[in-house]
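So, here's a batch of structures to check.
Shared between the two complexes below is chain A, which has chain B as its partner in the first and chain C in the second.
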Partner chain A sequence: MKGLTLKKNLKSNYEYKKVASKVAVSLFRYAMLIAVGFTVLSPLFQIISNSLKNQSDFMNTSVSWIPTTFFYQNYIDAFHVMDYLKTFLNTVSIMVLSAFLEVAACGVAAYGFARFKFPERKILYALLLITILVPVRMTFLAQYVNFRNFDFFGITSIIGDLIGKDLTINLINTPFTFYLPSIFGVGYQSGLFIMIYIQFLKGIPKELEEAAWIDGAGPIGTFVRIIVPSSSVAILTVTILSIIWHWNEYYLTALYFNENQPLAVVLSGIMELIKLRGGDAINSHTGVAMASCMLFILPVLIMYLILQKKFIKSIDSVGIVG
Partner chain B sequence: MKFDLKKIVALIMVFAMVLCFAGCDNGGTTSSYYEEVPGENGGDNGGSTGNNATQDIVTEVPTNLKGTTVKVLFWRPLTNDEKAVVASFEKQTGMKVQFKFAANAGGVYAELISASLAAKEGYDIAMFNNINFPGRPTSIMQPLNDIKGFDFSDPAWDKALMDTQKINGKYYGVNIVGGHTNEFVAMYFNETMFKNRGVKTPRQLWEAGNWNWDTFLDAAKAMTYKENGAQVYGYINRGTGYMTYWLQAAGTDFITYDGTKFKSNLSDAKLLNNIKYYNEFRTKYKIMGDDTYGVPHFRSGEAAMFSVITYAMFKESDTKFSQMSDTIDAVPFPMPKGQKQVALVDSCLFGILKGAKNSEGAAHFLRYFLDPQNYSMSDNFINKNLEKTFNELAKMDKRVSISEGVVNNGAQVDFANVCHNIVLTDAAQVTSKVKSYATNFDFAVNKANKAVK
Partner chain C sequence: MRNKKVTGIERLKVRYGRMFVLPWTIGLLLFFLVPLFSSIAYAFCNVSLVNDKMLSFVGFEHFKYLINDDPNFMDNIKDAVTSFVYSLPIIVALSLIFAIILNQKFRGRIFARAVFFLPVIIATGVVMQFVTGAALQEGAALSTSMGETESYSGIRFDELLINLGLPQSITELLSDYIARVFNLVWSCGIQILLFVAGLQSIPDQLYEVSKIEGATTWEEFWFVTFPMLGNVTFLVLVYTIVDLFTAFDNPIMKQAYDLISKNSVYDQSAAILWAYFVVVGAVGALILLAYNRILMKKWN
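Moving on to the complex of A and B:
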């Protein structure tokens, strides 16, 4: 009897410890998640908080996270300073369209790499890797010169020489500085997107294509009718990444566009713009700058919230991270 | 046959991708994409005054320049005042001025200059400052002394400033005395706080001819106190990197330049003593807080004095001193007792690019564009005292720190980080800390010396 009670006590003690350790582990896990979550999100919280502060809140060092009054005027000022509607349309017409062109072109290039065997394949694959490894800052000069005096494969200048006229075209300040590289699969981060496509295409059974060939479809027909419909997951991943990266790009756009700039360029020079367009009339330069940041990320944030589930699913399927 | 077709399709797809990647220089071009500066509709602030002095400048422009174009690479978009001045110049001279600017306010200015030169766009004017010296002027700009249109006997040119960045006796950049692009270092102070404590203000000391390091320290000590449990400091700096103001004021610096040669001074006892003196603000006298960014503390009345460049004197400045309920004022940065007062400067000089197509027109344009008489600067100052100090600083001899540019261009260390590390080192360790950068600094100095040879 005594032995049985002891056994019972030991068991309950053991269970108690088990539950306690489970609770401790859970608590630790939650504490870690909250800490990491806060670290990641605190800049965003800070931006939101600062975008709603007026100048007296900024001058009062005791005001940290919560403004004394929610100063929405910062958003109205930011809207005017950024010339938001016009700049937003510029971003969509230049960067987003360029992103879509890139998605299409990279798919075609990746199909070539993934499905066709030819002697130069390895060399070209190595060159593809180089396009990922070489930073934009090393190639911008050559690209700028190319776009400034655009000469399609040297043909334009040959004709120009023959007729005694300079026929090279100045593409600077036009969306073609982004469209053309995107169309030819060498746009912003194209190398990476081609790699993503290649990885995905390798997983599609060849039998599907063979069936299409037997039915008389050529390579282009097979790509359009078989590969594209089967690759929606990869297409979605590449589309979202391409749009986000194009949206955030400001280095090349600042060089190529002296007028009609997209949002990222406007945002990167926002303090100067606030001074030029608002000056003393603006209550808080920092507040307006922070509100501009919010207006910049808002469209992408909305897009991401809508596509969140599909995006996470697609990221799982193509096996890449962030 | 089928295999061949596949091969051709594949090759086209991948070649299209690779070929477009290659950039090739195709020589000059005639088409233009520059932003045209607006004509008479350009400005709405009435920046152009068109007074007699500037009228003379315009009449000196040779008539053969009429119809020519001056091309300027600017580091930021133009202000309305600047647009009006450009429009006025165009109207009076018959010349055209085309601006191209770094769309993100300086962020890609260096790249923009490189790209424009590589594309042979024929720009005439670009800007450099002490942070780009000697790299930018020696590599892409031409000496100005022999360029037609520059008359250096004209007292308007700020030779005191231009001399600081002369190379082998020749000017590479110009600016005008009191011009709107000038930035001087000033000691700002909260006059209300001084008056409330009954302490002599820096202005009173300055006007009595008794403003120096010793009186600064006394004032800072008197203004360091606790109020309702909150610490108030006598002084706060713009950031740790700005220790250089104090070194410059004493006539020392990590790297100095005598017009022909750069020299590293890391073993100089005077330099080390000055660094220790600055460190003692925090460690010994406790007149200065540890904060690396002083603007909010000065604004909120947690510090009585603050050093920053003169941009904070203007209403539109993001420092927002204009919105302080207390009265603020500024005086020139203090010098060690017995030393001649000079103005410490963040320089901004305009030079003529190599390969410029209209250097003579550019010279005349710069003389007009930079002239303070063409701008209504007076309306933009927060108060009259600040304007007075700005004008006094403009007339003084100038001193520029070139250390940052030389170090960042060749020392493989970041100058701001170097200063930050030195400032936060205990006074006893300063010497060894400073000397630990000797190899990097020597390397940078050699590189700079080769550039100016």
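Moving on to the complex of A and C:
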């Protein structure tokens, strides 16, 4: 009788501990979630709240999060100051297009690396790693000079010398500064994308491809009909990352574009721009700057919210790191 | 007969492989190797762009100047390396913890993931300046002359803490610390993503076995999760090193960029960048080597 209660006690004690540790773990989890949620979301909310304040709200110390009036004039002003429609179209036609080109070109290169063995593979792979390790910001100056007197392997200048004209092309201020590297798969962050693809392709069984080979499909046919459809998950991940990184890029773009600037560059100099184009007519410079920031984030944010579920699922299954 | 056919296919495969990699190789030459080597050349030459890109070799002159005479360089590099050394472990540890949390099953997981990945969307560029208030501080310097008195500097942690009624000295210390952690959390996006992907690829059987063996959660982490993430952690380390290297608030990057944009001095700034690259590269390589030696060896 005594033994039985002891057993019971032990059991309940054990279960009690189990429940307690479960509660502790979930408490810790939610504490972390709330902490991170706060760090991530609060600046966003602050930007939103400030984008809706007018000058008197900024001066009023009792107004912190919720503005007294929703001063949407800021957004109208920001729209004009940024020349939003035109800048937006610039961004799409330069950066987003470049992102898509990059996604395709990286896939082609990655297929070559992942599935074929050829003598130069090792050294090229090492170079691929070097492209990841050396940030663009190390070489962007030389890149600038390279684009200003663009010379296709020295061939153009040789022909130019023969004709007696300077044939080197100035690509600065043209979208080709982004298109060309992207077409060849060495665009912005391309090394990382090729790695992601390679790791993904390693995880796909080869049987399907071999079947396609036997059926007489050529290498290009196999790539288009077998590889591309079965790596849709990896393609989605890479596309989203590429668009986002292109969208946010302002270091190189600021250097390459004096006119027809994309949104990120315009935003990075927004305070001066507000002064220049708006001046005293604008109620609150900070408010308009914040509204501009929102107008900048909004398109990618919408894209993210739409694709978010798929994106997060794809991260689960891409196994980026194999 | 059969052997011949195999070698035929092998040869074809070599050709196809080259075909797929060829465009990338051309791009690599044109848009990576050419700028890479010319920027290294800049560091060892005097560059004058006035008369059609004239390079004249000067050897280590620029580096000598940086080390001996430049007033800011050594301080900047010290700052950059210290912040690098303390940020790296914190970022890796934080993102591992976050990834493990996100990988568990709990209510609101989808929402939590969406929030955790938000920094990936917005933290890589110019928006970060708005988040920390840097963009507006520069703007504020301009606008004071215009008589504008709005002041804004991102999230005011110090105000928040003062409102909580803490003494001044503690508030300063805390707010400084919080501001740093805040920046670090914001730079965890991609790392969390990599770790989550890595966690997903650990087979469930391993956890079942460790449960049967009676391992605690802590042991499970140290003997199953962490070793299985070995390669991922290595990748995260590499990515973080590269990422920190070009961080937007890095004093060295600023110095180099100012030289170009304000004074269009190309050679000096190339020298700054390469000197910095060598230093950070050495520190990073040491860290990676230590990681490989100590941890990877233990697991193998």
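Simple rule for what comes next: the second predicted complex is superposed on the first by the 288 of 322 C-alpha atoms of A that agree within 3 Å, B and C clash if a C-alpha of one lies under 4 Å from a C-alpha of the other, contacts with A are read in each partner's own complex, and residues count from 1 in each chain.
Keep in mind that, in the parts below, a contact is a pair of C-beta atoms (placed from the backbone, for glycine too) under 8 Å apart; a residue touches a chain by one contact, two chains touch by 3 or more.
Being a predicted model, the structure only gives us computed values, none of them experimental.
In the model built by aligning both structures on chain A, chain B clashes with chain C.
Legend: residue contacts after superposition of the two complexes on their common chain; A:Val145 is shown touching both chain B and chain C.
Touch criterion met: A:Cys293 reaches chain C, while chain B stays clear of it. In the superposition on chain A, contact of A:Lys309 is made with chain C only, not with chain B. After overlaying the two complexes on the shared chain, residue contacts for A:Gln261 are found with chain B alone; chain C is out of touch. In the superposition on chain A, A:Leu276 contacts chain B only, with no contact to chain C.
More residues of chain A are touched by C (comparison of chain B with chain C).
With both structures placed on the common chain, the touch criterion links A:Met32 to chain C but leaves chain B unconnected. When the two complexes are overlaid on their common chain A, residue A:Val96 makes contact with neither chain B nor chain C. Within the superposed three-chain model, A:Ala104 lies out of touch with both chain B and chain C [touch as defined at top]. In the superposition on chain A, contact of A:Asn170 is made with chain B only, not with chain C. In the superposed three-chain arrangement, chain B is struck by just one stretch of chain C from 56-64, 128-136 or 146-154, namely 146-154. Across the two superposed structures, the residue set of chain A contacted by chain B and also by chain C is 55, 58-59, 105, 108-109, 111-113, 116, 118, 120-121, 124, 127, 131, 137, 139-143, 145-146, 149, 153, 180-181, 184-186, 194, 219, 250, 268, 271-272, 275, 284-286. Against chain A, in their complex, chain B makes its touches with residues 5-7, 9-11, 13-35, 76-77, 79-80, 100-108, 111-112, 114-115, 118-119, 121, 296-297, 299-300, 302, 315-318, 320, 322-324. Considering their complex, residues 21, 25-26, 29, 32-33, 36-37, 39-44, 46-47, 50, 55, 58-59, 105, 108-109, 111-113, 115-121, 124, 127, 131-135, 137-143, 145-146, 149, 152-153, 180-181, 183-186, 192, 194, 219, 223, 241, 244-245, 247-250, 264, 267-268, 270-272, 275, 284-286, 289-290, 293, 296-297, 300-301, 304-305, 308-309, 311-312, 315-322 of chain A touch chain C.
Remark: chain A residues 55-56, 58-61, 105, 108-109, 111-113, 116, 118, 120-121, 124, 127-128, 131, 137, 139-146, 148-151, 153-154, 157, 166, 168-170, 172-173, 180-181, 184-186, 190, 194, 218-220, 250-251, 253-255, 257-259, 261, 265, 268-269, 271-276, 278-280, 283-286 touch chain B in the complex.
Against chain A, in their complex, chain C makes its touches with residues 13-14, 16-21, 23-36, 38-39, 42, 49, 53, 97-98, 101, 104, 106, 108, 110, 112-122, 124-127, 129-131, 135-136, 138-139, 142-143, 146, 148-150, 152, 154-155, 181-182, 185-186, 193-194, 196-198, 200-201, 217, 231-232, 235, 238-239, 242, 245-246, 253, 260, 266, 269-270, 273-274, 277.
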